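The two complexes that follow have chain A in common; it is paired with chain B in the first and with chain C in the second.
Moving on to the complex of A and B:
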């Protein structure tokens, strides 16, 4: 643990200094400002649109953070050959991967917390101007949804670490991570669709069904972390679901990071 | 010299840019294009999968798009005028929006408000409300509107009464709903029941312009109610029915004929019931 901390701290500082981060933050803040205007347009469900906008902004900004800052943090060390100087110290390769991952987790948490403050402020402002239009609203659910969103982003960056240890260019990592994100968000619906194709009036070959079922266990199930609709309408989320999801998050990300560390150990640097 | 040349070339390029842009966009208009309103709405399952974690945002977007669309098609009186095709697009988009987030109340409200009175798509409006009522099982207003539609547009008092009882059972429902339900069950005076319904709707509507629309409707129905009651008095007095509306004044039952807020004129039809020349405004538009 003691060896991990310096690497995590350096990764975090490096990420905070990244210019792209300022762009992403600015973009997210202007989206939140826009949300104040857009939510006004809803005749009744102002609260729902406000929560949707706030949570979606955090998701989208977080996604940009993982894809354009997170992946570069790993790739930069390889591109600029700074990895040699890190590995010449008494740090094992697995420790390096895990330390980097923790640094990125810290960065994601910091950015999500920072954006959440403004997101919650935007909701609060609308709630004060339209108190009647927040009938089933609960702050706790909004905060839970943000927490899940953060967990989803960390899971996605774990996947990106896995791809980064497999490939040698950051572009390929980016493409593979984007694909995993898209699959991870739709795999549950697609699985439901191919398992009962009659409902949609389509025909699916058995091979396709098996492929989708395999992908279901292979790719991270990111849509499980999406509770925006529940948060927007104040629908209860059972405690048992929250615990199971946190467990899934810990198990899957540990699995992927362990794999990434194993591969990275055998990797030959140019 | 060279600087001047650069400036001249720059100026020429600027002028050329403006002229060519103008020409290009002009000739673009002559391209065979798909009519805006012919655009199709993607099936909900495809929308759901492709919008990923942003499905509720897409639901908001589709709804707001239709709200603006209906706003553009609204005449100065507040009724929405659209072609059959546009109405279909309106309904399908709201349906998709409510499939993506079935708890979102606004598509149900706007869909119901416009599809019934202006679009004459009662079946579709009810389908939307049914979906909303199933998901938002704490919300009394959706079964209430279902009850109203069944009573007012479909003439199905029995079903209307069932929906009204359901609405009355849900939290926050006004106590007068139970009274409305019994009015329906005992087949009370139709105009009176309509007024009670519309007053309930008006009281639960926050939007000023919609409230005004309902106010006008209530005013018109109240005028009809006054005349209907006057006709009853006339019948009891003379044991025959009045032939024209002026008879009510000559018999000194009413002092003056109430004004139709829609600008029409009230008359008594062959069956002896009160009608107005502005019926089109009061009743849903028949397309």
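Moving on to the complex of A and C:
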């Protein structure tokens, strides 16, 4: 396992120097600047808007990071055969997958922390300018929401690794990851709808109900990580929710990466 | 104990829809002794790179077994004493030669002090000391090849596998690689390299193997082959013609 750190380190360095990342960061910082401008121009519900904009910016930039930098970090290894320089060493395929994943986790943490500094600064500036709108505001909730966003991005990366181990092209991995993201963010609501169709005045076939229920347990429930509304409205989040969600994150990510590593062991690189 | 050995290795690749399965290797038996320089010859698509990739466990044989110093190639420890330079190597764009060597050295288990000494020595040898901090993406093809060579040798391996090491190099680069192979030979290292350039094979190798259409057609010492004033080129062309192989790629 001593090989994990060098693999993680070069993955992190390769990712942090990727020019696409600079574009994503610049875009995120522009969004934060725009949110400041907007709040100053039309100061209504500034507290809620500031928190929501700051968290949404981190969430969106993080998603772009996973989809356009993260997926490429592994796909480029396979497409351009950089993987030869790793696997021709005393490194197993499983160690390669885990090391690469750790590197991407480091990258996500670094980018989220960097963007969070600016996001929190933008909130602080508005809080100082419009203190009346921040009566229910709590820094702890915002930081917790950012932590959950980071965890969601890491979980999504684990899923992208799983798809990368199954497919041979980065485009298919990208498409499957995006689909998982969309399903993961909506499956809770869809499940609630199909289980109580009468409330919406619609009819759902039993097969559809079973399918949605199966998808609910198969796909990650990413909407659980979204606590932007609670953070924006200053609504407390129960401790057992936090602990259970972290447990869910650790178990699901570990399981998906283990599966990816198992599949990768059978992969050939002609 | 043989440095490298394959026993009855066969490997096929599934073709695309409507294209029949391609048999890349058939019953390949190779034995490479410790300390010898072995040249692996063959036309394009003959199975040279496939054989090398099986030896490095990058692809799996359909049947047969490959070993490095007696260890099955499926064990990752078998690769600890092996240095490998792929054909047309491609490395991480945003890493420098220094970082590449750090990575290769650390995963191969050498300590920091030795790593620094060897990195300095090798970068000097491959003439990359001035470009060592630059990102690989700014390198020319020859510089990438030389960085790959330094990477292959960073952990002072006993066995060096080079797949077309002269590919993309200018005459100066070719001379540098040639000198490096001779240096490795003088140190008693095992060198297994594939090449199209017959003069290089004649210059460096103790023994050669000629593979055509995935089948090993000939394996002998260079001294035996070149007695009676025969040239390697004549022998190579005759073997390829007899086997009915040609330039398929």
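Quick note on the criterion: the second predicted complex is superposed on the first by the 264 of 270 C-alpha atoms of A that agree within 3 Å, B and C clash if a C-alpha of one lies under 4 Å from a C-alpha of the other, contacts with A are read in each partner's own complex, and residues count from 1 in each chain.
By our rule, a residue touches a chain if its C-beta (ideal position, glycine included) is under 8 Å from a C-beta of that chain, and two chains touch if they have at least 3 such contacts.
Source: prediction; values computed, not measured.
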Chain B and chain C placed together on chain A: clash or fit? fit
With the two complexes superposed on chain A, say which partner A:41 touches: chain B (first), chain C (second), both, or neither. first
*asked:* Looking at A:198 after the superposition, I want to know if it touches chain B, chain C, both of them or none. Which is it: first, second, both, neither?
replied: neither
Could you tell me if A:268 is touching chain B, chain C, both of them or neither one (first, second, both, neither)?
second
Just checking: does A:14 make contact with chain B only, chain C only, both, or neither of them? Give me first, second, both or neither. second
Review point. Counting only touches as set out at the top, which of chain B and chain C does A:88 meet: first, second, both, neither?
Key: second
Kindly classify A:80 by the partners it touches after superposition: chain B alone (first), chain C alone (second), both, or neither?
second
(Q) A:2 in the overlay: touching chain B, chain C, both, or neither? Say first, second, both or neither. (A) second
On the A-aligned overlay, A:239 touches which partner chain: chain B = first, chain C = second, or both, or neither? neither
Smallest inter-chain Cα gap (chain B/chain C, superposed on A) in whole Å equals 33
Interface residues of chain A shared by chain B and chain C, listed none
Chain B partner, complex, touching residues on chain A are 38, 41-45, 48-49, 52-53, 56, 59-60, 132, 136, 152, 182, 185-186, 189-190, 193, 200, 222-223, 225-226, 228-229, 232-233, 235
Given the complex, residues on chain C that touch chain A span 13, 50, 53, 56-60, 76-77, 79-80, 82, 84, 86, 89-95, 99-100, 102-104, 106-109, 135, 148, 151
Chain A contacts chain C in the complex at 2-3, 5-7, 9-10, 13-14, 17-18, 80-82, 84-92, 268-270
Counting only contacts in the complex, chain B reaches chain A at residues 45, 48-50, 52-57, 60, 63-64, 67, 101, 103-106, 109-110, 138, 206-207
